[in-house]
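Each structure below appears as structure tokens.
In what follows, subunit A forms one complex with subunit B and a second complex with subunit C.
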Partner chain A sequence: MNSVPQRSKAELLLELADDELILGWRDSEWTGIAPFLEEDVAFSSIAQNEIGHARALYELAARDLGTDADALAFDRRPDEYRCAPLVQLRRLEWARTIARHWLYETADAVRIEALRSSEDAEVAGLAGKIGREETYHRLHAEMWIERLLAAPEGRARLEEALLELWPYALGVLEGGLREAFAGLVRERLPFSLPEVVAIPRDRHETELGELLEEMTIVRRSAPAGAQW
Partner chain B sequence: MIYEVFRQERKGQPFVHGGSFHAPDQAFADAYAREFYARRQESVALWVVAREQILEIDEFPDEFDLKYRRVDGYSIKARLKEARERVGSTERARAEAAAVPPPERE
Partner chain C sequence: MVTEEAVWEALAEIPDPELPVISLVDLGVVKSVEIEGKRVTVELTPTFLGCPALETMKGQMETAIEALGAEPRVDVVLDDSWSTDRITPAGREKLRVAGFAPPAPRSAGPTTLVQLQSKAFRCPHCGSTETRLDNIFGPTPCRSVRYCESCRQPFEQFKTI
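Then we have the complex of A and B:
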């Protein structure tokens, strides 16, 4: 099932790392204000995990590119980030957050599974490690989907959120992986999602610029090479 | 629904009450228990129990004041002291015996 389009190993790793870093940042925006305490802790922990995955991926990419993980995470120009528009969106509304979380985890599972059979042993090994942690993220997302679908209000709000996010979600993957992902999503839902044009990875939402501005503020204010 | 969590720190040790949290059902309880009590590898196992499933007993009538059934009914201080001295003397004897090198064996 190795239908990942041809791109360099570093490019592929950066796509993944940027997705994980930016989603981790977005998810962490709920810290302290999630709907209830237990979910606040759980969701913040998931956000931390995503950023941990980003770090491991940046470290691997950095070796190929002759730089370091922090430089890749914080020092690139906004137009150099390769994250999918799905993770860039700022939607501080719980149904949308859960819808994105579930769409992303489902897409990521397809991608990670494909990478586990990568010819590159380091990529395959890291994909295996990330996959084992993502299993819990998927369980978390799935229990929320089940819960929301169980009641009319939850179902209506989830449907509205999924309809909005669907073209973004399709843009996370390409080719055969995208088809596999779309199949999994459609199979799970009791309502149908339209055929739409995927929003491609090279499109940047205005929210990404704002996020990067905030995310890199400490890095930019400290002298180069500062140690903490 | 409130869930009570009992954690085991090391294999073979007893489970000790760790705290409680709210969760709508068992799937959520599973996820939250992991996040609250095991994400830093501080537990090797958890028991997660819906509070309503716990049989709580907190009334123990003793209308006739049967003091003689209780352990505080008589003093064991003197007997404890005696026992400690006895153990102390055997431990000393054991330590002295250990100080003598054991015969060499193949």
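Then we have the complex of A and C:
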């Protein structure tokens, strides 16, 4: 793991968990309103998986930090969340949603593959599990890339969306992992993406504050625990 | 004192919360059973990490173990030890009879688009392999939706994990 800059195991797990939780939330915003039924089902299902991954990652981090998964997911201050700006962006139009989906899944695959060979058996084991589930997300994203690249209008819209999101996507990873990710993206596309400065993790979009406000409302209104 | 065999038998009586035709033991999610005096420790491996049935499964297992007069402890294992290959042959047959196509065996590498779009998947209704992928995602994380060109029925195909 020498390609990932120095941070503690818990910090690394929180970055991953925050990415998956916030993207899961964003994906769930398509439930009921995706352009057609299959995509409504797909994005709802992907959202459910991402939030499941976040929960497992928070549980591992919580063991190190002496807290619990819910506290990590809901009780931190907005400035303590470590999710990449790419996942913070709110309900993008469809081409941008697909572009983000593909960029994120490609980056996540690079990261998960690296974590599978972690010296920490718990991290490696969980990464193996997450990787198997994410395979289906990647295949779904790849089908869309094929579909969009097959016709001039789709290709133009995808290109525009990727150009806009490229600096955000580069901010998901650092060092050698970022380079590996950028290589995979460039290799797949029939057009080029510029050299740009990555938008780092410590930047918080205003949309994130709004999301957290909504996401934590039940927790804040029933601090002792909601009963269903 | 409760025996390991009695615990396995009790767990084999618990239906999967979402697919009651198959038991938790058939599903292969019970990784191990250990007995120390009155304490029974069971390792439960989630199918998918986001499966909402996980808490229900855990609760049902605890209840079944308590009914044997033992103290349950159910540990959820967060690793890659569950695979659709762990579904028992009896479990696969029960799924097929209920109209769900059982998962293909896990291959050496990750699943590819070519595999998903191939005709290797058999319709559980008519047995034809003239089927196509309709949606990678279905009503639960563990299933895809396919369509049979022969009997013109959609069906749910278990994803290989």
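The criterion applied here is as follows: the second predicted complex is superposed on the first by the 219 of 228 C-alpha atoms of A that agree within 3 Å, B and C clash if a C-alpha of one lies under 4 Å from a C-alpha of the other, contacts with A are read in each partner's own complex, and residues count from 1 in each chain.
In this section, contacts are C-beta pairs under 8 Å (C-beta built on N, C-alpha and C of every residue); 3 or more make two chains touch, one makes a residue touch a chain.
Note that the coordinates shown come from a computational prediction; the quantities given were computed from them, not determined experimentally.
Three-chain overlay on subunit A, with subunit B and subunit C in a clash.
By the touch criterion defined above, A:217 lies against neither subunit B nor subunit C after alignment on the C-alpha atoms of chain A. Once the two complexes are overlaid on the shared chain, A:151 sits clear of subunit B and of subunit C alike.
In the superposition on chain A, A:45 makes contact with both subunit B and subunit C. By the document's definition of touching, neither partner reaches A:196: not subunit B, not subunit C.
Among subunit B and subunit C, the chain that touches a larger number of residues in subunit A is C. In the superposition on chain A, contact is made by A:140 with both subunit B and subunit C. Of the two partner chains, neither subunit B nor subunit C is touched by A:92.
When the shared chain is aligned, subunit C comes close enough to touch A:125, but subunit B does not.
Contact with subunit B, but none with subunit C, is seen for A:36 once the two complexes are overlaid on the shared chain. Of all the stretches 6-14, 24-32, 42-50 or 150-158 given for subunit C, the clashing one with respect to subunit B is 150-158. Common to the subunit B and subunit C interfaces on subunit A are residues 38, 41-42, 45, 136, 139-140, 143.
If you check the complex, the residues on subunit A that touch subunit B are 36-39, 41-42, 45, 136, 139-140, 143, 146-147.
On subunit A, the positions that touch subunit C within their shared complex are 38, 41-42, 44-46, 48-53, 55-56, 59-60, 122, 125-126, 128-133, 135-136, 139-140, 142-143. Of all residues in subunit C, those touching subunit A in their complex are 46, 48-52, 78-82, 110-113, 116, 134-141, 145, 159, 161. Contacts from subunit B toward subunit A in the complex involve residues 21-25, 27-28, 30-32, 34-36, 39.
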